[in-house]
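Should a chain be cited, it is by its letter among A, B, C and D, assigned in written order, with residues numbered from 1 in that chain.
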Amino acid sequence: MKTSLARRVVAEFLGTALLLATVIGSGIMADGLANGNVALALLANTIATGTALVALILAFGQISGAHFNPVVTLMDAFEKGLPWPETPHYIVGQVLGGITGAVTAHLMFAVPVISLSHHARSGPPQVFSEFVATFGLVSVIWGCSRLRSNAVAFAVGAYITAAYWFTASTSFANPAVTIARCLSDTFAGIRPIDVPWFVCAQFLGGFVATMVFRWLVPNLQVRAKEVLLAHDVEQTR
Amino acid sequence: MKTSLARRVVAEFLGTALLLATVIGSGIMADGLANGNVALALLANTIATGTALVALILAFGQISGAHFNPVVTLMDAFEKGLPWPETPHYIVGQVLGGITGAVTAHLMFAVPVISLSHHARSGPPQVFSEFVATFGLVSVIWGCSRLRSNAVAFAVGAYITAAYWFTASTSFANPAVTIARCLSDTFAGIRPIDVPWFVCAQFLGGFVATMVFRWLVPNLQVRAKEVLLAHDVEQTR
Amino acid sequence: MKTSLARRVVAEFLGTALLLATVIGSGIMADGLANGNVALALLANTIATGTALVALILAFGQISGAHFNPVVTLMDAFEKGLPWPETPHYIVGQVLGGITGAVTAHLMFAVPVISLSHHARSGPPQVFSEFVATFGLVSVIWGCSRLRSNAVAFAVGAYITAAYWFTASTSFANPAVTIARCLSDTFAGIRPIDVPWFVCAQFLGGFVATMVFRWLVPNLQVRAKEVLLAHDVEQTR
Amino acid sequence: MKTSLARRVVAEFLGTALLLATVIGSGIMADGLANGNVALALLANTIATGTALVALILAFGQISGAHFNPVVTLMDAFEKGLPWPETPHYIVGQVLGGITGAVTAHLMFAVPVISLSHHARSGPPQVFSEFVATFGLVSVIWGCSRLRSNAVAFAVGAYITAAYWFTASTSFANPAVTIARCLSDTFAGIRPIDVPWFVCAQFLGGFVATMVFRWLVPNLQVRAKEVLLAHDVEQTR
């Protein structure tokens, strides 16, 4: 039995909020404790983000599909998974959730509730990194589409853990995450002026990955409905 | 066939004892080896705690549900999982287990058996952090309630790994853990005077998460019995 | 169809050899790169050991049960899992495997093939730590005995990861490992004179855990055969 | 229904490219941030590589078997898994994928697109390390051949995480990886002159492991087809 749209959008909101609280909060904590050792701070930030994704996708996957990411939502609609009219609701839920998560992290660490970031992340290598990061992320998601759905949580958590380190941009790979992080003048921030380039590269990377997997896995559209939307009964206990 | 109450309470005692031995013992070890590098000490403490949770929930989940946490036990009773009359037995087992774990860690590291902590953890951001931490923990548990039960062990271990870093309080999220840690004047300690605020925020966070998930997952009460109490035969080999 | 004893003993030999190559080799590597930062060296040593256990138990579990540990083998026989006459073969395979692994690590890192360790690990807190470490390890193994067998690999890997940090002795918890490590005058070594105390504490910890779980899980003896010996067909593809 | 050879070769190409982008990219990132702390840089490089393998094997395993490694492909053909005529296609896809991944990492980090490495990795201990590393890798793969196929992703990711630390060579264990890394004058590089020794040791290690497992698991050839080639329907949802 399908979960109502309202419930699914609230699940996307909550999951994205907890994800952003993790990304930004762990960045503040790690930066504060690491005494300028950026490798160590990024390692803590990475481990927190990767494990949060595992937990949150396991928790919300059965309710909304646990996209937490407008690129994933659009690509899912493109493959006839999520119905198109539901797409804007998902994306609004994700973006508002991301901002709420940033605010939550700021309140927990007693820094200004909202502050525009001064962290420059620009130039072709950074933008190309976001293209690669999102191409990889969407590839992993479509690649797992024939596995039992729990595997997606581990695959995505593991992929983002790796991508924090193998891309020059530390792999935002998610427009909702990118928007929320420009509102945080902390370790995880990004200047608002750099956001549009990141977001374009992310959508492009996701789109190319979807086109590649449409050829690679001929029955991808059939799978899209099962994997990324609410999961079927066979998966439950 | 349901396991007897005595066996389940002993399982809660043992699991909580091993959990606290991990939290406090790894804190002492990490603090001692890290030469003042707090980020590195906390990373070791985090990895030890997260992996211990995975192992202990896998090991004791089939016996008692592996709550190890009075908030989880009360919320489970609230959702008609655990019968109310069994609740105090669970909680007493958890609290005594936590204290036993603290004492065990102290004996292993040759520090005073019991010593009140002087580690201040106070102020609204810390208390709000505990609210968020426990809200997230209970959300993850209820969110996984439709998955096969092994997933809960990985989800909770992963969540706490993240929450150590994304909350300003390093995410106690558990009254039995909080009480035991006030008896340890080491890396993981908390001043007794800060305990009541933490515990109140934890129960409140767990309660709000339960209310949210009651709406989000309409058949949550039906699931509570299966997931958090002793698991059914289908899960066994 | 049960695997022949010779094959199972060779599996125990190979698995224990690779385990010890990991414990000792990663200790040498980490110690050499960490410039005296012992917390960082131990963290690398921990992660290598925990992940090796996951890989090796997944790989050899279906063949021999992947004990790699005389305490586990004896307790399994005690619970009527492994037949008593096969026990000495298992233990000899494990001890020889451990020594072979130590030699392999030494050859890879170009240090003396065998050298008695000077690393003192003595005193009641260290010995008590080994009791606790092995009590916890055997508890986790028996606790997982009702889960599908893959879970044991993750539970044991996760448990040892935690136990490296929460015990003052870094959790040897295995007589074959202890013997092999006394032949390595490197980061992971232990003085030969400290070995008997460690081994006694390990057997005692394993025995107490087995007694506790005999009461806690009444049908433990029935499970022993299925879980720790070669696994049944249902588990295979 | 079997996936066409073209699709499987493209999957090998893509997966190996993403793997090498991770190995080399995370090496550059870690080296740049770690301020000469090589243990910390290698730890970040290790975690990125291990998690990338989990994600990529989960994603591409159902399509091509996710070998990403000429040794694995040859051994699979040797055990009558992959048909011999398809072997060269796989290997060419892997080698070209590896080079593409190196180029991608270089573009993301704005270093020269191709540059021969000056990182010396020579001498018998290094070459012996590659023998051990690949012996262990192929042992783990064959050992998991009776488990459900998802386990291979976790076992291989965990094994390589350990092997980065327990071998003196940091465990290349893969000729396609070795060739690509000689084209990168960065943290992860290897001098071209050292490549042939590494590759020979890798094939030898894989061959010995296959011979050992042929005896250890008598029905290994039957399994090879199911596990390492495209997986059957039972594994899908």
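By definition in this document, a contact is a pair of C-beta atoms (placed from the backbone, for glycine too) under 8 Å apart; a residue touches a chain by one contact, two chains touch by 3 or more.
Since this is a predicted model, take the numbers as computed values, not measurements.
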Number of hops, subunit B to subunit D, where each hop joins two touching chains: 2
Turning angle required so that subunit A lies on subunit B, C-alpha fit (0 to 180°, nearest 5): 90
Chain copies touching (subunit A, subunit D) - same or different residues, decided at half shared: different
CA centroid of subunit C to CA centroid of subunit D, Å: 27
Sites on subunit C at which at least two other chains make contact: 37, 40, 43, 47, 154, 157, 235
Every chain pair in contact, whichever chains are involved: A-B, A-D, B-C, C-D
Contacting residues of subunit B [partner subunit C, same complex]: 7, 10-11, 14, 18, 21-26, 29-30, 33-35, 37, 40-41, 43-45, 47-49, 51-52, 54-56, 58-60, 62-63, 104-105, 107-110, 150, 154, 157, 235-237
Partner subunit B, residues of subunit C touching it in the complex: 37-40, 42-43, 46-47, 50, 123, 125, 128-129, 132, 136, 139-140, 142-144, 146-149, 151, 154-159, 161-168, 212, 215-217, 226-227, 232, 234-235
